[in-house]
Structure formats: structure tokens, C-alpha cells
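Labels for the chains are A, B and C, by order of writing; each one numbers its residues from 1.
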Amino acid sequence: MSATPAQKPTLLSIRNIAKTFGRNVVLRDVSLEIAQGEFLTILGESGSGKTTLLRIIAGFETATSGEVWMGAERLDQQPPYRRRVNTVFQNYALFPHLTVEQNVAYGLRVAKRPNAEIEQRVAEALDKVKMSAHARKKPSKISGGQQQRVALARALVNRPNLLLLDEPLSALDANLRRQMQVELKSLQREVGIAFVFVTHDQEEAMVMSDRIALLRSGELEQVATPREIYSRPATAYVAQFIGHTNLLRSEVRDGIARCGALSWRTSTTDGPTLFSLRPEHLRPSSVASNGLVRLKGKVLQQVFHGPTSLVRVECADGLVLVMRTSSGGLTAQEVELEFSPADAIPVRESPERS
Amino acid sequence: MFSRAYKTAVTVPPLAWVAVFLLFPYALMFCYSFWSVTPAQTILHSWSLDNYKELFQKSVYWQTLLRSMWIAARVMLFSLLLGYPLAYFLSFYAGKRKDLLYQMVIIPLWVSYLVRAYAWKTILGSDGVLNTLLQYVHLTRHPLDFLLYSPFAVVLTLTHIYTPFTILPIYASLEHIPRNLVEASHDLGATPAQTFRKVIFPLSIPGVVAGATFAFVLSLGDFLAPLLLGGPSGIMISNIVVSLFGAAYNWPLGAAISLGMLVIVVSLLFFSERQEKKWSFS
Amino acid sequence: MILADSKQRRTAPRAAWLLLHASAVFAFLYLPIAVLILYSFNGQGVGGFPPHHLTLDWYRILFADAAIWDAVLNSLQVALAAMVISLALGIPAALALDRVQFPGKALFRRLVLLPLILPGIITGLSLLMLFNLTSVKLSLLTITLGHGTALISVAATEVFAGLQKLDRAQEEASLDLGANYWQTFWRITVPNLKLPIIGAALLIFTLSMDEIAVSFFLIGRDNTLPLEIWGRLRRGITPEINAVSTIIFLFSLLTIVFWYHLRLRSQGAPDVAMELLEPSNGK
């Protein structure tokens, strides 16, 4: 587990949270520290427990065991309406009988803030999400993307310590989604509040987060910055979930890793080891090749992805590797490839969990 | 997609039947209300507004109508007071038993109206269950008179009959409220009580309007309960109509009152539909 | 349920009050029926507390009562016939409302619904005038026509709701595969509407068996069960009536249990009572 970035103090401390629904174990033993002002993404497939974890923080579920602390206070013993935490719901949950303005003002009205203050803060919030022109409309009259902004404003206007976002972009189409990702990120920087963002989309997580917490079957696989999680995946699952990778099942003896016909130097301990090799680290071989691992192969299939192409290559003894090239792809059928041993990252196995 | 033959086959029979057996009879009643009756008990097809004039002038009709409306209003009020919390409990608190409890609300609806009205008669009479029970436990020494053959009995019985009618639309409305709205309200700092006031109740208003309308309109036109339990002080407008078609033989006048009731009911329905639409936000 | 899950202890007082209220209302709804059943076994007849001397005498008397059985038979005939009429007209009406644009559609919709919410006597009286005008003698037939007409909207509403849930593509597929409209109707549409139709049939049957207001004016020589009971009530209360009421209640209970099981067997079946009483937003 990666610790909180050293310079930022901890805002929320999740300690050994477990949650079972009947016989279904949804969260096993999750511990996580969230720093003030950071953008943390909880990433996972459906069923990984990410939404449940979020709802425990928000207060809509109670954990079966474990604690959640905010500063010196135990958060999980308080009802949702007393927590200084606000949520942006997946389907926005805007109140259909209230206008945009009234929706945003809701939390402030409930807290009985003076009218003048409410007006000013609501106007400010709407301005920040660029929805000022629609203040008097009812939610049924604005588009999905606009509803999402209103939901955001409604949560942020209360100046919570922490903002939770439950897959808020999943209902938007691809282009709008990309746009909102950028806007959300800059909004978070501007506002300075910690965001905990839940998604199943790994690209989205990479784009927006200061740190990613990857959840699988109720347990955290790895918590790290996007760069770190990409270049130094801790387990096979992480390596495969984020980006593409080749998993080389190898045997290490006396500092040499052997996978089929390939072998290279490694500093890992002896024994069976799984190595992750990213497609972009496989290149057509050049003349100079100090310490690089060489292999010959036959091109099976090329898939065009725009700026790059992914090429499936079959090597000796049936091993199939994926490499990434420029969009032109490879012209030859038979190729010779190389990679640097330093790019083969040893990863832990990811055993099946019920 | 559907051929003309299909469309005709599907439209004409119901339309024809409804025209003959609903539209025409109502129109007939409309006409009757302008005719009059001779002492020899034959109907004169002479057109005049006499019946309506009589309705406006004779106080017995006005008083009975007002009493009927007053009874209907009380039934509506009590049905709502009894029904709303139950519907709310069912929708938000019943959990696994929700379906079963819902069925239990519906069962009385399927039980004969007559049976239920009669049951109250046996309970409220001076020799009835309630009176003898009260005397048995020495809470009273003589039978309480007002229990039966009074507006009280009518209101009580009609409330009993129509409360399920009120519960169902309110329940439907409450069920339609997405639960994430409740969560959102809590998330924004509102307590459950505030959430009820600001989110749940406003969104349940269409159901409340529908339920209130049923209770009021159905009570207003009821003739069985007053006849069984109302006594002379509990006579309602429908009882007058019934007698005008029976012993008091004056079809045209009866028709005029019926038409008046029709107008009142249709206006109420129209008004309540407008309200339901106004308060419906989805 | 969010409230049932989080912080039960905090919401406990409210939940307790609501539970209390709910129990009280249920008691209010069921107590009279319970009293009725209890006293149908009471040797001393109706009234008097506490009940003594439990007996089945009233039931014995009831079963020997020929007039009641005649009335039951009459009611059954009327109910079954009314069911047929209402369905035969209500199903096409629902189809028409769902699929056809015709002049007067809005008026038709409201007209059809009117008998349900108008005081029954108005419908009964207007039909009386019709039969009077056309010199039709009052009989079980006129009662049947009255019930059938008044209850069309029950069939129409249920079937209409079922049509909303029907996948139009199924019918299109049937036509595409060569079936004509009539065949498609019987092979595809009706089977898919089985539950709404059965639900409507049960409700129509039950409402007809209990119907008084319309029947009151259209009755000829033969009594229906409610009117027979009514007649006796005018003459004074006899505990026999408790007995017959108890039996009626049992039948109603059986009907609804039967219906409940049908619904359970196929999830997503419409709730008959709910469909009729749903607030009309946007309809």
C-alpha cells in the first residue's frame, strides 16, 4: 500500500473496513488514507466493492467492521446529514420539484444560512459550473450533462471537507465525458477540496487522479500515482487492468529469468515469477543490442488504434506477445524484436477470490 | 402497422356499446331533468327549468347536499389521516414484509361493501357489540345513542370503506420517489424530518390528491351507508334521489339532482386532475 | 431501504410510532370483519358482549334457506355474463386506446371511466330510463347489461396497462413471419396479456357479485345476493346474515390469495387495484 503523499496531511482515514451483505462479502479489509486536497480515484470492475466503499464513507451503508475517521472524529458513527461530506450521485438525484437554483441552495437552506449568504453562494457555485443561465429551470428541462453540473454545484456549495463522486460521468457520451474530465480536474484544483472519485474506466482514472486505489473483489490491489501504477504494477491484475501488457510466466534461477526460449538478467529471488512487459517496450531490433533480449516472431494480427497500432506476434514455442508500433504498423510478416530486461517488471500473482 | 380493418374492429364495438349504454342514457337523464311529472304519475315532456328552480329554492335539498359534502369532507380528512402514515410506513419502513402488508390493505377492498357496512351496524347498535362491551367493563351505564343512526356512524363506516382507496394512490406515489433523492437530501444535511417535509411529501402530492378525490367523491354519492346507518339525521343526497325514483315518484326531479351530482363530480375530477398534473414532476 | 439500514437506533422512535399507527389502522380495517365472523357462531345472535354459546346453527339455517341460494345462483350468472361483456368490450377498447387515433378519443376515455367514480346510482338510474324508454322489462338481463357496461373500464384499464408493457416487436415479428392480425392477436397479444386479463376478470367478477347501486334500479323479479341480503336487512337483523357475510368474506379471501399466487408465479404482473387507482399524472 502506498502511504499518503508526505507533504499533505491526512483528511480521511479508512481502517480495516469490511462489509458483508447476507452471505455476500463485498469488502474484505480495506484500509486507505486520503490526503487533504487530493484527487483520489477508487478504480474497479463492477462488483469490486467500490460503490459500497463510497457509500460507507457517505453514510448510506454501515460497515460490518472497521472504522472511518475524519481528523479526530469517528465518521462512521454519524448519520449522513451530520457528516461534512457531500456526494455527487450517479444519476444526479436532482430534486425534480425544485429549480436548479433551489436544488443548489438546498443544503444551505437546511442549515438555515441567512438568505443573502445563500443567494451569493448559490450564484457563485452556478457560475463555477457555468449553469448560471439555467438557474430558474427545472431539472427535467436541462440535458444530462447540465444536470451533472448542477449536481456538482449542489454538493460543492456546502464547502464539504470531502466530495464523493459516484461514477458521475458514466451516463455521458464519449466526447462530453472527456471534456468533463478536464473540467472536473481543474475544478478540483481551483476549489482545493479532496475528491474521491469512483469509476470502472481506467483511462479516466489515469487522466484525473493524483492517486489511484485499485479495488478487486473487495480488497485493494494497489494504491499509487497513475505513473507509478502504470510503470510499476504490483500484481498481474493491476498490470492487465491498467493498459495492455504481456505476462511472461518465468522461472528464475541464479539471477536469470527464463521464459520459454527467452532469458534475461534479473535481480528477483529464485522461483517461479510472473513478469509484466508493456507492449511499447517491445521494439523492432536495432543493430546495437547490449544486454537487450532478442526474439524472432511471425505477425498474426494488427489492430489500428489511431496514433498507434497493436501487433500480435507469435514467437518460437507458441508464445504470443503484443507490441505497440506507430500507426503505420509493420510491413514485414517475419520480425525480429527486442526489449530491455529492466522493462520486465515482476508482479505478484492475483489469485481468484470468491 | 395496423390495418384499417383491425382499427375498425377494435374501435367500433366498444364505441358503439358505450354510446348506447352510457352516453345515450346520460343524455336521456339530461332531458328528463327538464321535464316534469303529473299527479297521475306520468311524465310530461314539456321543457322547463322548474326542477332546477325547485332545487335551488327548497332548503331540504340544499341542506342535504351540504350535509353530504360535510360528511364527505370528514371521510376524506380521516381517510388521509389514517392512510398517509400507513402508506408511508409501507413504502419506507416495511422492508421484506412490504408486499404482504400491501396485500393486507387490499383484502378489505375485495370484501363486500354490504358486509362491511352491516358489520358496523352490528357493532354500533344499542344492543351492539360496542355498547354491550362498554357496559360490560362498566365504562358506561346506558347504551350510547349517537353511535348508530347518526352522521357519526356514516362517517365512521365510510372512512372504514374508503381508507384503502386512499392508501393505494398515496403508496403508488411514494413508491415512485427514487430512493437516491432521499439519500441526496440526507447527504446535503437534511434530517429525516426535514427530508420528509421538503422532498418526500411534495413528491407524494399527486397521490394525496388522487386519494382524497376518491374518498370525497365516492362518499358524496354513497347511498347505502346512510340508508343502513344514517337514520333521519344522516340522510344524504343520494337517498333523496333514490326515494324520488321510488316512493316519492318524481323522475324528472331525481334526474335533475343526479345531473347536479354529475356536474359536481366531474368538476371535482377535473380540478383534481389539474392539481395532480401541477404537482407531478417526473 | 436506506432508512431501514442506516442508524436504526436514531430513527427507532419514528419507526415505532409509524408501526403503532399502522397496526391501529389495520386493526380498524379488520376488526369489524372479525366481529362479524365471531358472532356468526354466537348462539345469542348478533350483539351482546361477550359472545356465549358457540354454535353452527346459523350456518345450518343458512344452508337450508332456498331464497339465498337462488340469489347466489342469480348473482353468479350475472357476474359471469358481466365478466364476458366487460372483457369482450374492454379488451378492444384498450387496444383502440393504445393504437388507434380516432375522433372523440379523449371523450371516450373519460366516458368509459365515469361509471367507476360516479355514484353508482346515476349509472343505474340512467340505464333505468333507457330501459323504460325502450320498454325493456327489468330482469337479470338488465342487471347484467348494467354491470357489464359499468365494469368495461376495469377491463380496459388493466389491459391498457398490460399493453404498455408489451413489446411491440413481438407482434411485428409475428406479422413478419406471415401471421395475419387475427392470428397475431390470439397467438401473441392475448397470451402476453394473460395476467392483466385474469386480474381484470377476477376484479369484475368480485365487483359484480357485490354490486348494489346499479342493481338497485334494474332489478326485476329475481334478486341478486346483495339485494337479497339487503331486503332482509330492512326487515331486521338476523344472525343468518352474519353467516352469509362470513362466507362471502372467505370467498373474497380465497380470490385474492389465488390472485396473489398467480402474480407471484409470474413476477412483474400488474396490480389490479393499483392500476385503477394510480394518480393520473401525465396520463
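General observations
Going forward, contacts are C-beta pairs under 8 Å (C-beta built on N, C-alpha and C of every residue); 3 or more make two chains touch, one makes a residue touch a chain.
Since the model is a prediction, treat every value here as computed from it, not as a measurement.
The most distant chain from chain C is A, comparing centres defined as mean Cα coordinates. By number of C-beta pairs in contact, the leading pair of chains is B-C. Centre-to-centre separation of chain A and chain B, using mean CA positions: 58 Å. One simple way to say how far apart two chains are is to compare their mean CA positions; for chain B and chain C this gives 16 Å. Residue numbers of chain A whose C-beta contacts span two or more other chains: 59-60, 79-80.
Residue positions 2 of chain C are each in touch with at least two other chains.
Among all residues of chain B, those that touch two or more other chains are 183, 186, 282.
Interface of chain B with chain A (complex): residues 178, 180-181, 183-191, 194, 198-199, 202-203, 279, 281-282.
For chain A in complex with chain B, the touching residues are 58-60, 79-82, 85-87, 89-91, 93-97, 106-107, 110-111, 138, 140, 154-155, 158. Residues 1-4, 11, 14-15, 18-19, 21-22, 25-26, 28-30, 32-33, 35-36, 39, 46-50, 88-90, 92-93, 95-96, 99-100, 102, 104, 108, 111-112, 114-115, 117-123, 125-130, 133, 145, 149, 152, 156, 171-172, 175, 181, 206, 209-210, 212-213, 216-217, 226, 229-230, 233, 237, 241-242, 245, 248-249, 252-253, 255-256, 260, 273-274, 277-282 of chain C are the ones that touch chain B when the two sit in their complex.
Across the interface of their complex, chain C is touched by residues 1-3, 5-7, 9-11, 13-15, 17-18, 21-26, 28-29, 32, 82-83, 85-86, 88-90, 92-93, 95, 101, 103-116, 118-123, 125, 127-129, 132-133, 136, 160, 163-165, 168-169, 171-173, 179, 182-183, 186, 192, 206-207, 209-211, 214, 217-218, 220-224, 228, 238, 241-242, 245, 251, 254-255, 258, 261-262, 265, 269, 273, 276-277, 280, 282 of chain B.
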